[in-house]
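Paired with chain B in one complex and with chain C in the other, chain A is shared by the two complexes that follow.
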Partner chain A sequence: MTDLTPITALGASAPADQHFGPLRISENADMALASLALRRTADMPAPMGLELPAPGKWSQGQGVAAFWTGPDQWMIEAETRAAEDFAAELASHAPGCSITEQTDAWTVFEIASDRGDAPIRALMEKLVNIDTGSFGPGSATRTGLHHLSVFLVRRAEDRLAVMTMRSMARDLWHVLQETARRLKGEPA
Partner chain B sequence: MTRLSGGLIDRSRSLNFTFDGRKLAGHPGDTLASALLANDVRLMGRSFKYHRPRGLIAAGSEEPNALVELRGGARQEPNTRATVAELFDGLDARSQNRIGSLRFDLLGVNDLLSPFFAAGFYYKTFMWPKAFWEKLYEPAIRRAAGLGSLSMQADPDPYDKGFLHCDLLVIGGGAAGLAAAQAAARSGARVILADEDFRLGGRLLAETHLLDDAPAAGWVSGVEEELASLPNLRIMRRTTVFGAFDHGIYGAVERVADHLPEPGDKPRQTLWRITAKRAILAAGAVERHIPFANNDRPGIMLAGAMRAFANRWAVSPAARVAIFTNNDDGHRTAIDLAAKGVDIAGVIDSRDNVTTMGSYPIFAGGVVSDAKGRLGLTKIEVTQNGRSQWIECGALGVSGGWNPNLHLASHHRGRPVWDEALQSFVPAKDGPPGLIVAGAANGQGSTAAALRSGAEAAVQALGELGITGALPDLPQAEDVVSKPHALWHVPGKGRAWVDFQNDVTVKDIKLAHQENMRPVEHLKRWTTLGMATDQGKTANVTALAIMSELTGKPIPETGTTIFRPPYSGVSLSVLGGGNTAGHFRPRRLTPTHHWAEAQGAVFVEVGPWMRAQYFPRPGETHWRQTVDREVLATREGVGICDVTTLGKVDVQGADAGEFLNRLYCNGMKTLKTGMVRYGLMLREDGIAWDDGTCARLAEDHYVVTTTTAQAGPVYRHMEFARQCLWPEMDVQLISTTDAWAQVSVAGPNARRLLERIVDEGVDISNEAFPFMACKGLTICGGLRARLFRISFSGELAYEVAVPTRYGNALMQRLIEIGADLGATPYGTEALGALRIEKGHAAGNELNGQTSPQMLGMGRMVSTKKDSIGAVMSRREGLAADTRRLVGLQPVDSAQPVLAGMHLFTDSAAQNTETDQGWITSACYSPHVGSAIGLGFLARGDERMGEVITGANPLDQQQVALRVVSPHFVDPDGGRLRD
Partner chain C sequence: MLIPHPLLGLRDAQEFTYLGDARLIDRPDGMAEGAEAAFAEYVYLRDNPAGVHRELWFHEQGDRSWLIVTRDTVTHEILGAELARNVALAANGGEA
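This part shows the complex of A and B:
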């Protein structure tokens, strides 16, 4: 165990976590990420029992999940394993694939609503040019958000994850805060 | 004037407001315009050029005259149409474009000088002396001809933006729009209904027609209630759809808080980008006036507007009014106002043989030929059968027919088509794909026709999307169509205004015709007709008709008028979407940013990144002191710098080596695992593009670095090569720039410092880990890390990478445990000085004009393999260039060296023909003890020791420079390998 103390993408010792009316936005600093790309000769793997999803989709397994990021390319998520060398472990489950550690390449904000999907949709309408009507649970995409490049994952009707490059975490957090704050006063 | 009966205002509450300091009151439901009329204010502004007293013309967003300044302080907003300003308690409104009071505007003198201000006067006068233009003419004209004024302060309010998607966007909430929305929403389709007004209903709110034997407002409320209950329909009030853009995208501005004194938590306005599979334009129609002498007297307005003020807002501009019309619609105004007890002085109808439709006097075959009442209409001259008489009235409603509001339908250059029967332009069939025009906007102006065409348009639009819709049961409504008599202006001697906002008269159009400015585009520029905030909504068609009369050609042959976005004014603030100041664009922070901030670092923008520029210490009063200290500390002890910003790309796959071989001009396939190589990428044309390092972590795994500035473009280029040039290769790429915090540890004590953090059993001795080695290892008790022995400074140096979250702690640790070794953080300034001292090329040298030969890297371009740009780098033109990278040192060490200086031989004349090169980078070198520079010099490699001149003609600087090796430090490279 290293004796260096990590900081979050926002420069704090604990992840950000804030409520805005029906929405709760929390920084997910514990999730490990690794990209998986198929090599030419590789068969479609099912790492850790995960079924790798089709374009625009996100799929969930036991403690791991994956979303499509490009042709023959996925991002694998592993809950609570940020401190580990998850990429190395994933590599052992995906022979013939190119695995790259991405845990700290991204900052992940989990947005949860306690009033169903409406607040999530209202938030999305202010942030991204994505049709919320066709971005239901299990959807994932990459898009622009206030000049930031982001991945969006609709984890459930009432849950959305937004991730951007870690170096831009401060700007994403600011935008999410501002937008959620403004929506607070408006009916969900 | 007291209020009339009825109206859609809430009389139980009063709203206080001021106009030019006068305290006045209105009611909820009022606009500023209706409230001013209710307070007997007819004079609301001064005209643009002649400063003529002006009042309201219209009741909606087409208003050309009643432009006011709202609010004060930083919130001051010029050129707001009083007709669309929703009244709120505490509203502070002021008239504009005047010196002195509104009643006695000193610039009213312009009106007397009007012969000098005819069409094209800008182009004809103020020609000389030339010097007077900027200093005298322009400021004077701007002062006299401006409209509102700016606060010159930053807008304090937040603005927002958003994105919506729907099956059907209905633009306009009048009869046609409501029927369309109802039909569409009942089908289950996703519908957005947007209307610029704060209340749905459009023209229905302004009329007394019955729908199924009940007032229209009741039907509107019923539909509104139904629509509000449907989850698949979104009503957007106070929302102007201002443009039809490509691929079914519509721009809309929602005025979220314009009707509030201050926005509070809300954004002031929101810019919506609406992606609609289909859209219905149901924007109604705008009435046109009929120019006659002095038709701009306050109190002369459109008859339909007068009716709207009476019916919706329960106000009349005067107790006694007259109507001037060329169609039946004008009579409706007389009937409605008479019903409310307003005295009708008469209806002057240009058509012969018309009879009164109520109990008011009729002047059939008559025209209004003049008007009196400078600050407010007092009487009109009626000419009938060659005889004229003056009739007293305080207001005149003018109806010249209606122009369909087809603006959005022509946003993709769809040219409106002249409809002879309607005497107006109707939308072209080649409008924006997916946009259907309905209701009065399509010439279907009667209430029954509008309702029907709206519903039918919705069913058609849904049908195209495969959604089955049904026509709703529409209420019975009036279905009268009145063809206007083609009367476009009343001939006469006085000035007759066509475009009120730009003070363009019939005479101006005649003058333009006389001066051969006949095409409508020329007419517009010569007279300024149709410009400014109203974009000629009430003027363009009339002007065209007058020009047609002058040319003797029919209207469609004279020209058409088309429109571009925006339909009405859109503020720059809302177009910016609220991104201002520090949030104008994203800023990338390095992993050690927070630590650097705590150290008091000064930051510099490097592309999107904020990097530590230098770390001042107490007592240091000049940045140079700090930078010199950082440079020397690195050369003598050990310096530490965050270099995370360099792009990092993970390259894997069986063909990774071959792939990099083709991208870099030097060989990468032969690189041994565990080693790093400097690499140079060329553009296709053989010019040096980007440099970096390739580290081979495994047989099929490399990590390459790029410059900070080119990280994005190089990655894009690599993806292009992978996906398009050589898709057959087995290569996978992904950026890892943000994943790893990377710090440079440079200086004679670098190894000693690193030995203190690497875990036990990791050997980084010179033998085990030589220059240009790389490996994965663990540090600080098991943290996975990568170590590269590479140097940018010329010193013994390493770059160590750890997962980004540990970067801050690693930096802190290195500084703490390296105190006795002289561990010193350094920023980009010292980084620059160190690399210039070492003669390393960077962005200044790789500026897109330099070849590998010029950089002294000609031999790096491998001839044993092909790579992008290799062949072209050997072309004659490049090969013949003798300029080479050299070092430059002033003969007098006190003299400066500046980047950008051009190089000349000592005695030569200094011009482009004798130019021998230029200085790319310069700094003060604490190591050398003087300023130094790098530059490209003709035959530079053969001229070591020669003294040349560095010239900076901008500051008349001439510096004698000695040509030296670009390697000011350790030219043999011994330190790197130590």
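This part shows the complex of A and C:
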């Protein structure tokens, strides 16, 4: 059999990870993703003990998390399980729901700040037309960023995840890198 | 311009794409008597009011829902927004 070498969305052998002053941006290549959609008249499921969040929200369970993507639709995240068939397992926990494998469709960049929420807010204010004041921990939304369609998930005061289509990974990385670099000199 | 999304609150109009008159939801029955004339009117005839207008907007860079936005075409003031799905379901008595 052909010997294949896995590469990340940025074409490297290891996930990208870079520091910019108070910000650290790292590629999360180990997260499994699957979308869950309710069928008409279906009851609200609680897959893997997860409480599916309200519009614009993100919620965390035991090793899994979910954010709202549209009416009766959610994206389910599973940390460190990108190499497994997570969608199949999710389907067994959510009978009657429509589950679609999404892991390879997205690239996820995790942004962490070691100086509280100010650097995260400064970065968002440069990049997206979202009210950063009301986008606190537990918020998630889809929006436009440099003509890319992205999901933003505010995991904590000092953490933000940005995800886009895997084929646009280099563009998003470039934008985040440039913006973080320019913000470095600004007071946080 | 900000659009008051019924689920997500105020959102930038740049996230949306515009389709046009909300009456496009009322598609005529293609099998009914006089369907040709009804379709000619449906496809080609639009009111072009200077004032309050109900129109379809798609939240493309967002939750992908269709909204019916009521807008004053003279002042560009947005008077309200509702989910097109709910409007269509209400019009059909709850049947999709």
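Rule of thumb we're sticking to: the second predicted complex is superposed on the first by the 183 of 188 C-alpha atoms of A that agree within 3 Å, B and C clash if a C-alpha of one lies under 4 Å from a C-alpha of the other, contacts with A are read in each partner's own complex, and residues count from 1 in each chain.
As a working rule, a contact is a pair of C-beta atoms (placed from the backbone, for glycine too) under 8 Å apart; a residue touches a chain by one contact, two chains touch by 3 or more.
Computed from a predicted model, the values in this text were never measured in an experiment.
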item: Which superposed partner A:Ser59 touches (first chain B, second chain C, both, neither); value: neither
item: Partner chain(s) touched by A:Arg142 [first = chain B, second = chain C, both, neither]; value: second
item: Per-residue touch tally on chain A - higher for chain B or for chain C; value: B
item: Which of chain B and chain C A:Asn129 touches, first, second, both or neither; value: both
item: Partner chain(s) touched by A:Ile7 [first = chain B, second = chain C, both, neither]; value: first
item: Which superposed partner A:Gln177 touches (first chain B, second chain C, both, neither); value: neither
item: Contacts of A:Asp104 with chain B and chain C, given as first, second, both or neither; value: first
item: Touched partner set for A:Gln18, first chain B, second chain C, both or neither; value: neither
item: First (chain B), second (chain C), both or neither touched by A:Ser26; value: neither
item: Overlap of chain C and chain B interfaces on chain A (superposed complexes); value: 40, 129, 131
item: Interface residues, chain C side, partner chain A - complex; value: 7-10, 12, 14-15, 60-65, 83, 85, 96
item: Touch list for chain A against partner chain C, complex; value: 40, 55-56, 68-71, 129, 131, 134, 141-144, 149
item: Interface residues, chain B side, partner chain A - complex; value: 158, 160-165, 190, 265-267, 273, 275, 579, 583, 585-591, 593-594, 609, 644, 650, 652-654, 701, 730, 732, 734-741, 779-784, 802-806, 808-810, 813
item: Interface residues, chain A side, partner chain B - complex; value: 1-9, 11, 29, 35, 37, 39-41, 73, 82, 85, 98, 100-106, 125-133, 146-148, 165-171, 174, 181-182, 184-185
